[in-house]
Amino acid sequence: MASKFYAIVIGAGTGTGSAAARRFAKSYPVVLMARSPASYQDAVDGINASGGKAVGVSADASDPASLGVAFARIRDELLPGHRLAAAVYNVGANFKRAPFLETKVEDFDWSIGGNARGFFLFAQQTIPLLLESVDASPPYPPTLIATGATASMRGGAHCAGFAAGMVARRSIAQSLAREFGPKGVHVAHAVIDGVIDLPRTKEYNVNGGAEDGKLDPDAIAESYWHLHTQHRSAFTQELDLRPYVEKF
Amino acid sequence: MASKFYAIVIGAGTGTGSAAARRFAKSYPVVLMARSPASYQDAVDGINASGGKAVGVSADASDPASLGVAFARIRDELLPGHRLAAAVYNVGANFKRAPFLETKVEDFDWSIGGNARGFFLFAQQTIPLLLESVDASPPYPPTLIATGATASMRGGAHCAGFAAGMVARRSIAQSLAREFGPKGVHVAHAVIDGVIDLPRTKEYNVNGGAEDGKLDPDAIAESYWHLHTQHRSAFTQELDLRPYVEKF
Amino acid sequence: MASKFYAIVIGAGTGTGSAAARRFAKSYPVVLMARSPASYQDAVDGINASGGKAVGVSADASDPASLGVAFARIRDELLPGHRLAAAVYNVGANFKRAPFLETKVEDFDWSIGGNARGFFLFAQQTIPLLLESVDASPPYPPTLIATGATASMRGGAHCAGFAAGMVARRSIAQSLAREFGPKGVHVAHAVIDGVIDLPRTKEYNVNGGAEDGKLDPDAIAESYWHLHTQHRSAFTQELDLRPYVEKF
Amino acid sequence: MASKFYAIVIGAGTGTGSAAARRFAKSYPVVLMARSPASYQDAVDGINASGGKAVGVSADASDPASLGVAFARIRDELLPGHRLAAAVYNVGANFKRAPFLETKVEDFDWSIGGNARGFFLFAQQTIPLLLESVDASPPYPPTLIATGATASMRGGAHCAGFAAGMVARRSIAQSLAREFGPKGVHVAHAVIDGVIDLPRTKEYNVNGGAEDGKLDPDAIAESYWHLHTQHRSAFTQELDLRPYVEKF
């Protein structure tokens, strides 16, 4: 019998996270993970209502014990007998900009915790599962995708804490790609360079208010799906995504 | 009546070029361009035989007059009334590695001519056509894709001529993306970081002879097609493509 | 009366740290800081014996309270009335390479703690002091230099923890340079790309055992001094330093 | 008898070129090279008047024959018996910004010619001379320095021609560093990221008119001299130089 596969998205409560879950739900049952049901429940319900299969699991990415419990639940209760096809790390922490001397070390710790340490821990849970899937005839190479941002590429002024976490996340993705690519696991990093079109960014006036001047989460998700479906002879490790009108 | 669109691939005689032509031919008539019919005729015939529509045109990318004639023929004879949906620059020149002091200035000129100047000239022909397509209800944002290589990212030892042309090509793609993105034209650059699986590379022993250790041209073409179909709110300017076993 | 200035090096117990201290001691009293006197005492004694002025202070870079006490001691006891001319962050933590799945989260935390968080905290102590020096007629623009490594530029295989900390350090240096450069403080990052010539690396066979195939700490220190003395119209934010025989 | 050494600066008629010549003239006789005496004569006279030794030679960097004649004159007439200690490539061509579709291929060729091909040719003349100096007990490792610009790092909008030449120059410097570093020749690239303070930029209002908001050519030259004097165990391949108030 063919193996059954699933996908998981952590940070599923955001626009990008729920869009990725919806996109991967066209092919797999999906697990939506976030700190609390309030973050993922609507997206879970939406997927189930439209013919997909989704389950939600609460976990704190920066807490190894919490993640361990959540993955055990997936294995034992929620999707027994399934193998992991794709995992998306989409947790975002501490975007706030502040002068360096007004930035508290707690803000730095918060950024590292959610943006880097959480990805490290999530990868420690998912990489072994993805490795197990390599030889189980998955439809596409098992894939781990991390969402990045402009701050993943450099430290800007008034951005020391956030950038530190995001560049660290990117470097972890590079380390993983170099170690696990040759073992058949595709690790990719997407640099989201712009404002995402969300209810909470509705009022942001970016790019002169141009139509499509903010990233559509479904468009991001489409590129994540493309990354997942790439042939192993032509893996992308990194791509950028930005609105056509964005300055860069 | 809806506009009719076409795609063009220059450097169509290579594995990547013909694969891109085949992929885009699933949706558009395609023009295959190369210096002589010997380079493109088989690919043209193959596409036509399998239900697509393809025409071949001879032109030398590094010669403005030759390019001008070719584009006039496309407009007036080959695909009158069509608009340009996508253009791929895939010309490669002077891959050969050599110690710097044994590299002739003619080798440098050859690399610049085919790898950078030709792209400059091809863009001067295609950008105006792509701009015209923006408002003509194209199925996807009009797109110009340039094929890059490892040497697009840095100058290696024994690679001064080739790298000079390839980094220049990449910078032209960046300049174009920044200028024409806001006008609705998607300009992207793909860094092909590995050996492509071709008849002439059959005997190359790369990546320990691993299965899928060379890039499948059709896999490259699939990512080019993804670039073309990206929503304008989430354009990729650059992605890398490499075999899962490639060191980087 | 002209202001009196001093320099400080944290991570002073290493080859690079003590060399930097010796170099800056040709022009300033220097504070050598490390977790314990065992790390800095020999270097302190050496500077004092050869006509310079040095003091040692114990502090743990990753502990805000410990750093606070140390800087208060410098101000109140060790160098009262002096202003800070230059500060060097040279703490290194967790170089060890390991497969990702054998890397503990404690190793990740250790790298972040010493390589990034410590620099964040050290900068929070030193930036206000350097800002105060800007208008006090310092001999050269007040300067903060961070020591980087190959892993500051990218995440390699088996290097996820160390690289995460080092790329984060680099991004903090970039953020600081962008925020405080315009206020007259020079923040620079030096990428040490190779093995440093130290007692503990004596037996490492690098670069085929070539003469000068490891970085001389005094040569590194000479470039740090150059960074410090740059005119404010021509600040370097980043330079690399590697042995002539190093592959890159 | 100890060897006698000299330095050469091409593009000597500019602020950076003449400043570099003055700086290196403190230690070596210097050759100032430019297309015509009008460009270098004042700088030559100034150096000779202030106790240094300078000679001027006319040559066109983009013309191999012209360069060949010039280097033969240096060897046979101007500085017979001398060896080359340091060479600086400081030619700049085609800074002008223009929309891509108004940029002529001649502008592209002009940029490539002066910014990249000229450096290629200059390196073919100087690298053999620098290699000969390696074993001749030079005071510092023989050095080739290329002047770069913001456009060396990326292609900006309205900058396709200039950037193509400058990124190509940078990649040539990288190729040379990787090939000739291990043979004892130091090849470095300096990214000048800002406006240089020159008579012709006097009226430019940059960085809000801030004092020292433009790069002082003598400050640039001081960093070039530092590059030249670096110990071979700690070569810098690239550094950036920008005014403290410059945004980046």
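Things worth noting here:
We call the chains A, B, C and D, going by the order they appear; numbering starts again at 1 in every chain.
Just so it is clear, contacts are C-beta pairs under 8 Å (C-beta built on N, C-alpha and C of every residue); 3 or more make two chains touch, one makes a residue touch a chain.
On a predicted model such as this, the values are computed, not experimentally measured, just so you know.
The chain with its Cα centroid farthest from the Cα centroid of chain D is A.
Chain centres here are Cα means. That of chain B falls 34 Å from that of chain D. The centroid of the Cα atoms in chain C and the matching centroid in chain D are 31 Å apart.
Spacing of chain A relative to chain D, judged by their CA centroids, is 46 angstrom.
Multi-chain contact residues, meaning those touching two or more other chains, occur in chain B at positions 178. Taken as a contact graph, with one node per protein chain and an edge wherever two chains touch, the assembly forms a single closed ring in which every chain touches exactly two others. Applying the touch definition to every pair of chains gives A-B, A-C, B-D, C-D. Chain D contributes residues 64, 99-101, 105, 108-109, 112, 116-117, 120-121, 123-124, 127-128, 151, 154-161, 163-168, 170-176, 178-180 to its touches with chain B in the complex. Note for the complex: chain B touches chain A at residues 141, 178, 181-182, 184, 186, 197, 212-216, 218-220, 222-223, 226, 230-248.
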